[in-house]
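Letters A, B and C mark the chains in the order given here, with residues in each chain numbered from 1 onward.
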Amino acid sequence: MKYISDLILKMSSVDRRWIFLVIALSVILPLYFPLGLPIRPTPTTQQVYDTIDALPHGSKILVSCEYGPSTKPEIHPMVLSVLRHLFKNEHKVYVTCLWPDGQFLASEALDLVGRDEYGLTYGEDYVLLGFRPGNEAVVKGIVSDIRKLYTIDAKGTKVTEIPMMNGVNRFEDFDFLFSASAGYPGTIEWVQYAADPTNVPMSTGTTSIQVNEVMPYVAAGQVQGILAGMPGAAEYEALIGVPGIGTSGMDAQSIAHLVIVLFIVLGNVGYLIERNRSKKY
Amino acid sequence: MFGEIFGAWVAVFLTFAIFSFLYKDNPFYKIAEHIFVGVSAGYWTSMFFWTQIQPNLFGRLWPSAQYSDGFWYGIYNFFGMISSSIFPEGGIDKGHDMHLTYLIPFALGIMMLLSLFKKLSWFARWGIAYTVGMAAGLRAYGYLNSNVLGQIRGTIIPLADPDLPMFSLLGASHFNNLIILVGTVTGLLYFFFSKEHKGNFGKVTRVGIYFLMISFGASFGFAVMGRISLLIGRFVELITYSSAQYHHATLWVLVIMVGLLGYSAYNDKDNPETEGS
Amino acid sequence: MLWKRHIPILIVAVIGSLTLFGWFIDEPNIKAFVNDDATQWFDILASFAIFLGGFNLLKMQLQKVLRKKQGWQYSLFAIGGFILAIIAGFFYKGNPDVAWGTHVTADGTLFKWIFMYIFAPLGATMFALLAFFVASASYRAFRIRNFEATLLLVSGIIIMIGRVPLGSSISSWFILYLLVLIGGIAINSVFKNKQYTAIFVSVGIIIVTSAGSSMGWPLDQPGIFYLPHLQEWIYMNPNVAGTRSIMMGIGLGIFATSIRYILGIEKSYIGE
């Protein structure tokens, strides 16, 4: 027993680079040797799916991409899944970006899903309006007069020459908003300046870190459900039946979490042993 | 194709250079860090210029729809001789009408840039004052409406609804609604520092702290989840770049970097004064 | 004084009041200005602020090189990176079929190449690095020193495990056995009596085993010990309550601070 206690205490002061190595292996090994753990959607993810599924076919959907390459692993899979769901239900998709890097990633997602998978036509089925700087001022601009803010789309085409922009003048002309958000500006700004004042329904997908900030809006009914980080993206992929990066990363996520929990437990066991010994002596 | 393969090798090198910081601070990491700083600044400057300044500012000062041979477009033509990409012939065609009032933000913007010079540093105050005023006006309404009134509305939930069960793990119930109400009120009371937290009030605020600790724990759990997700994303890309299509970039760069760092560590072992942190 | 102090304060007061009351005024000209032009001006100034940051960075790095300060060699990489991005943004498209302006988003341009193979990997890896430090910090510093810290730790662990597929594969009976074991350790540390501990653990195991056998060992029953359900309850109830109270406090604080700025009481933006 004393030998085990001494070993645990010794491990408490191990060089942190060994911990880094264990974390790296706990992520890499499941990527090479997947476990195939089943993915069960949570109620908040199901709520997003049900809300989008209930929209009448051909609705005008605003998808706002506010994420960058640093948060791509969490948000991009959910954007791809939501786009697949929207295009499957024949909705018209309008994409804006509050982050500059979001435009590249939105373009990538639309090309992959809209153009390559569904064979849809740019300008008739989907349009990338693009990025505008100004944070919440952009959201306000979209609410009041989208045509003053977006005179051209991301490809430089005048908005007046894009067929699907007919009849779209302000935020209330949209039937639904999905915000894929990694921080500021993002979901919170859409809730405060767009959804709440106009009562246009919205859902969101956020990074895991932002989930807790947004949860009160979900609980209060201001946001219809939330896709929480990569697990949320994997759950949505399971719901639409098209597994992607979110699903493939879940085994690694599970094992890494387990390893971190074990580290925390081990650290606390060492702390308790040390505390008991110092009380004794 | 060469651009893609070369780009993959560059991406892998930069990724491992950042990860090498886990071993210790080293020149690879410092180089990658400085490249990131420089490229970010240049990238955002270009992006904001071409998506905002050129179409929305210059496009409103010199729209092609109102091009003429007068003095105003004479200035435009002069700029056009310097850069025909930014000021194309015949005006800027972005669907705007002329709004000379946009000279005001243009002037404020130039004043902001002039503040780079120490003697003119106060120039930036006007532009900053405009953005501060605008943000203050926007946020006062937004936060009060959504974060305060909206949340109060969300907390007014039924405690005696006969259709609700007494307790349920998933979905609404009397117990869950009571937890939300008690937690919100006691949490808010904890932040009331005008009264000392002792006696019965202290007991109530203690309950508030417990709810706050639970939400901090949940935030910690989500923070870990987010970071691990990003790590998974990086490793997925490195695995992609280890394939034959990219000439096994990941493996080669890893071997070379580990070799160089190992050699440096071996030399530092012989010369302990030169060892870093 | 007038130019450096009074005029900025006046600008904040006028623009702030206009923006705030613009939510409530229906006069078309004011609404048009507040909703359209004022926001465009904000965007333009935000862009200039980015330029200011970029040029300031360049100035600092150049000064470091010219004055040969420590680490000046690395500043050459920063300057080189900036120049490369500016060349790609303003001088060399790389794809002649794309117009200036749309080249920042179009395929096949040097700008897009820089984004995909330099900017994106660097940004993503910087963030991913934190995963290692979170794990290391959790191991070394996360200690259950008191009841509040224990609450934080337990809710964090339940969220971490309950939210991933592994959590839904862990039977609630495993959690029950774990609780019996933890209870035994707690009994031992309080009473320091091996007999009490043995009785508690044995009785606990017998009860859990009997209940499990009679129910047929369902994975997700009893629901309160099934991690995904437990984490969902924590996530939607006590967590929402705590986060909501923080959010309301912050909301009131921001409202008060915004009014202070508009009334000219807060003047930190001019250095006072």
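Definition applied: a residue touches a chain if its C-beta (ideal position, glycine included) is under 8 Å from a C-beta of that chain, and two chains touch if they have at least 3 such contacts.
Predicted, not measured: the structure shown is a model, and the values here were computed from it.
A count of C-beta contacts for the chain pairs B-C and A-C puts B-C on top. Each chain's centre was taken as the mean of its CA atoms, and the one lying most distant from subunit C is A. Work out the mean CA point of subunit A and of subunit B, and you get 15 Å between them.
For the pair subunit B and subunit C, the distance between mean C-alpha positions equals 9 Å. Centroids built from CA atoms put subunit C at 13 Å from subunit A. In subunit C, 38-40, 42-43, 46-47, 50, 101, 115-116, 119-121, 123-124, 126-127, 131-132, 134-135, 138, 153, 157, 160, 163-164, 232, 235-236, 239-240, 243-244, 247 are the positions where the chain touches two or more neighbouring chains simultaneously.
The set of subunit B residues touching two or more other chains comprises 22, 44, 47-48, 51-52, 55-56, 134-135, 138-139, 143, 146-147, 151, 154-155, 170, 180, 215, 218-219, 222-225, 228, 230-231, 233-234.
Among the residues of subunit A, those in touch with two or more other chains are 20, 23, 43, 70-73, 130, 132-134, 137, 140, 212, 216, 219, 228, 231, 253, 256-257, 260. Residues 3, 7-8, 10-11, 14-15, 18-19, 21-22, 30-57, 83, 85-86, 88, 99, 101-102, 104-106, 108-110, 112-113, 115-116, 122, 124-141, 143-144, 146-148, 151-152, 154-155, 169-170, 176, 179-188, 190-191, 208-225, 227-228, 230-231, 233-234, 237 of subunit B are the ones that touch subunit C when the two sit in their complex. Against subunit A, the residues of subunit B that register as touching in their complex are 22-23, 44, 47-48, 51-52, 55-56, 59, 94-96, 134-135, 138-139, 142-143, 145-147, 150-151, 153-155, 170-171, 180, 215, 218-219, 222-226, 228-236, 239. On the subunit A side of its complex with subunit B, the touching residues are 17, 20, 23, 27-28, 31-32, 43, 70-74, 100, 130-134, 136-137, 140, 151-152, 158-160, 188-189, 191-193, 196-197, 207-209, 211-212, 216-217, 219-222, 228-231, 245, 248-249, 252-253, 256-257, 260.
Subunit C makes touch with subunit A in their complex at residues 31, 35-36, 38-40, 42-43, 46-47, 50, 99, 101-102, 105-106, 112, 115-116, 119-121, 123-124, 126-127, 131-132, 134-136, 138-140, 142-144, 153, 157, 160-161, 163-169, 228, 232, 235-236, 239-240, 243-244, 247. Interface of subunit A with subunit C (complex): residues 12, 16, 19-20, 23-24, 37-40, 42-43, 68-73, 101, 103-104, 107, 130, 132-135, 137-138, 140-141, 143-145, 148-149, 154-156, 212-213, 215-216, 219, 228, 231, 234, 250-251, 253-261, 263-264, 266-268, 271.
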